[in-house]
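In order of appearance the chains are A, B and C, and numbering begins at 1 in each one.
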Amino acid sequence: MTATSDREQMAYISSQAADARVNVELDTGDMTLNIGPQHPATHGTLRIACQLDGEQVVVAEPIMGYMHRGYEKLCEVRTYPQCTTLINRIDWLGSFANEVPFILAAERLMEVEAPPRAQWIRTILFELSRVANLALFLGDMGVQIGALTPVFFAFRDRERVLNQIEEVTGGRFHPNFDRIGGLKDDIPKGWIEETHSVMVKMRTFCDEMEDLLVGNEIFQARCRGVGVIPPEVALSYGLSGANLRASGVDWDLRRDANPGLAWDQVDWRVWTHPDGDSFARYWVRLQETREATRIVDQLLDGIPSGPIMAKVPRIIKVPAGEAYLSTENPLGEMGYYIVSKGDLGPFRVKIRTPSFNNISIVPWVMKGVYVPDVITILGSLYFILGDIDR
Amino acid sequence: MPQLPGLIKGLGVTAKTAGRTLFPKRGWKTLIPAPQKGAVTVQYPHEKEAPPERARGVIALHEENCTACMLCSRSCPDWCIYIEGHKVKAPPRREGGKPRTVNMLDRFDIDYALCMYCGICVEVCPFDALFWTPEYEYSEPRIADLLHDKDRLGEWMDTVPDFLDYEPGSEQKVRKVPR
Amino acid sequence: MTTLLALPYWQETGIKLGLALAIIPTTSLILVYLFLFKMMAFMQSRLGPNDTGPYGTLQLIAEAIKFLQKEDIHPAQADRRVFRMAPVVVLASTFLLYVVLPAGPDAVVQNLDTGVFYAMAVSSISVLGILMAGWSSANKYALLGGLRAAGQLIAYELPLILAVMGVVIQAETLNLQGIVEAQATGEIFGFGGIGNPFILTQFLAFLIFMIAAQAELTQTPFDMPVAETELVGGFHIEYTGFRFLLFFMAEFGTAFAFAALASVMFLGGWWIPGFDVDDNILNVLGPGVMLGKILLIAFFIFWVRFTYPRLREDQLQKFAWKVLIPLALVNIVLTGIFKVVF
């Protein structure tokens, strides 16, 4: 290492000395602690094999695949309409958002475009599922670091959003509402007004979370400076979504690569935070939830009238070709690479899920942290097991 | 303005929620606790939540409309619909016409142990024979009992709600449920 | 002090023992029902248990019966004897704590001259039990939890004792009854109508005592030894059925005992303004007054528990050694100066 200043050199020497102390003087022998596959903090079946030195993590390795359901392979033996029912179940908290990139990619292959009303309703439901998904994160982060109440608030208020989704699509969790060329159905009467009032409640929920967690000194002590990911590292590990924005990278597919949805019709902004620590990730997601409710409010007021389905044949055959399309899902960039050979179903589907990349930074970011910080970092990276293992 | 410490603010949030749960919507003046009203939870076996009309609870079969065309069975992603039928001669529709062949339904089973409630079968049905109803109380102690035959599926027809009106600006037509 | 009834020593002991045995499960029952079930539910827009008995009051009894039915499981690698003993040791510490808690001029199991000292001493026995549980479970999570508990409880014994020192200096006695009397006969600038509850003069000590008690009871924000989302229950991860119930009872029994200690030392205990200190009627009214004060303090303990996230172990140690202990020492010095000057 070439030190540019005395101060840097001193910092380097002291860090080396600290390493030496940990490794040589206090050679207490490492303990392997398996966090998971069954552990409340992994909300699912992720396993993190930690080498511990005391309570300090020396090496942490995420081991995935305990919930592998083989969706890429299953999609190959199903028709396009059947695929969406599977895709719903990848990121089960924001299921509608999963359908959109797949359908859009298939539409691009078929060269059809959904009518504007369908695109607007798609965007509304997309943002509603983002609100539902992130609301759960906002509460769950509290429970990860020991606060009992926020998660109950989150479940309470998320239920309102899920009810709105259910009133349109018929499914709380697995809407299966998106069709190639448009939507399955139109929105029922009175729904717009109800959704407006739910969005007001969600903003109150965000304020409550701000008072209960963000402003809380204990929460800040637990989260600030824990699990710092610099922007270069975040980019090189392929992080996306709020995790990347929390590292200060101004990157949002909704704005940068809008695939024809109605985001460019409304006024909103991308939130970033320069710190890159767990607190920044929480804060960015909190702001994003607020922003999403604002997007929904604006979109609801301006839904264009018209049909919700373009002219597509009753039996969908996608012409041969390849297409990759990704959108900014609640968790990050989610993309589908569809290879079609002109059959009823896709020949091959590659699913790029955000959580898989987000979780792969674990060995880098968890060097030298304490066991409680492992949970904080896992909570703030916000993964969903279905999204990792597919 | 000096900021309140976050620790105290947090205590305020929980206390406020407790107050709202104990004394819902009446203000603090009437000090009669009514947590039954204030709580957002539904006390399930005693009171029941009404799911929205479009909720996908269970599939009802309108048997008269079914022609055993097998479209639903084929489009099911996990192949949980079992249909058997046979053809019968029916009297001609008009006097002197040719006798028709009609498909008669022998068996129409849906295995709810396998069903993923995607609704594709309801959507593809060209003859309006399948409908969603928001009923949800049909769990069974034995998994085999989750296989509903056509009589059981027909019973659900009474619970099918009418289709909802659409928001203004929609060009969809409101469908009718055959009764 | 007059004795209520003149009984032989062994009869008196028997009655007191029976009372103590009956009181501890009852107290934890009250706390769990009022706070853990109902208050927490209301704070989270829920209703809490409400099917078992009127308003769900019998829920805990139902759960106790459920725990009793469970199989008693030992991990294969566990040190069986220590594993079995640990919950008993923890509960014993709670039982011993109840010995000195006064509920009236005569309503106390044993009026020790060194009551405060005794209470602080026996409350730290529970550390031993927790450490035993953590070590003997042969589980890494339990081990981490046990060690955290040991570190934390030792770190918070000190501010706890130092905070109590201020009260002791002001009351000039270690006897808990004496502390109540000192508060009852005390005066605030010549006004003795409500006595002198030490929460007024010893507010700093009260705060330190409550924070340290929160840590001693391993309640959030200091619940790292248990830490459901990290250590999945910590030291009692391997305990099932009856043995878990013992831990559970000890947790809430100790919470009750600490709330009682705080109300004796800072809120004036069983004394009611307007009565003589050794009025016999206080033996009847005293327990009610005590219960009210205890529930008030327990309310704060649990309110904090349901609102805050938990600290990290190193932050907790820093907080104890760098903030609480210096503050407690300052409090002792100030109290001493005032005691000498006035």
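Going forward, contacts are C-beta pairs under 8 Å (C-beta built on N, C-alpha and C of every residue); 3 or more make two chains touch, one makes a residue touch a chain.
Not measured: the values here are computed from a predicted model.
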* Structure fact -> centroid check, CA-based, most central chain -> A
* Look at the interfaces B-C and A-C and say which one is made up of more C-beta pairs in contact. => A-C
* Asked: At what distance in angstrom does the C-alpha mean of chain B lie from that of chain A?
  -> 29
* Asked: Taking each chain's centre as the mean of its CA atoms, how far is chain B from chain C in angstrom?
  -> 52
* Any idea how many Å lie between the Cα centroids of chain A and chain C? -> 44
* Can you tell me which residues of chain B touch two or more of the remaining chains? => 7, 10, 13-14, 17, 40
* Structure fact -> Residues of chain A that touch two or more other chains sit at 149, 153, 156, 212-213, 216, 218-219
* Two or more other chains in contact with one residue: find those residues in chain C. => 43-46, 306-308
* Structure fact -> Listed in rising order, the residues of chain C that touch chain A in the complex are 40, 43-46, 140-141, 144, 220-221, 223-224, 227-232, 305-315
* To do: Enumerate the contact residues on chain B facing chain A in the complex.
  => 5-7, 9-10, 12-14, 17, 40, 51-56, 75, 77, 116-120, 123, 132, 164-172
* Structure fact -> chain C residues touching chain B in their complex are 39, 41-47, 50, 303-304, 306-308
* Given the complex with chain C, which residues does chain A contribute to the contact? -> 31, 33, 39-41, 55, 142-149, 152-153, 156, 212-213, 216, 218-219, 221-222, 370-375
* Taking the complex as given, what residues does chain A use to touch chain B? -> 78-79, 81-82, 84-86, 88, 117, 149, 153, 156, 159, 163, 166-171, 174, 176, 184-192, 208, 211-220, 303-308
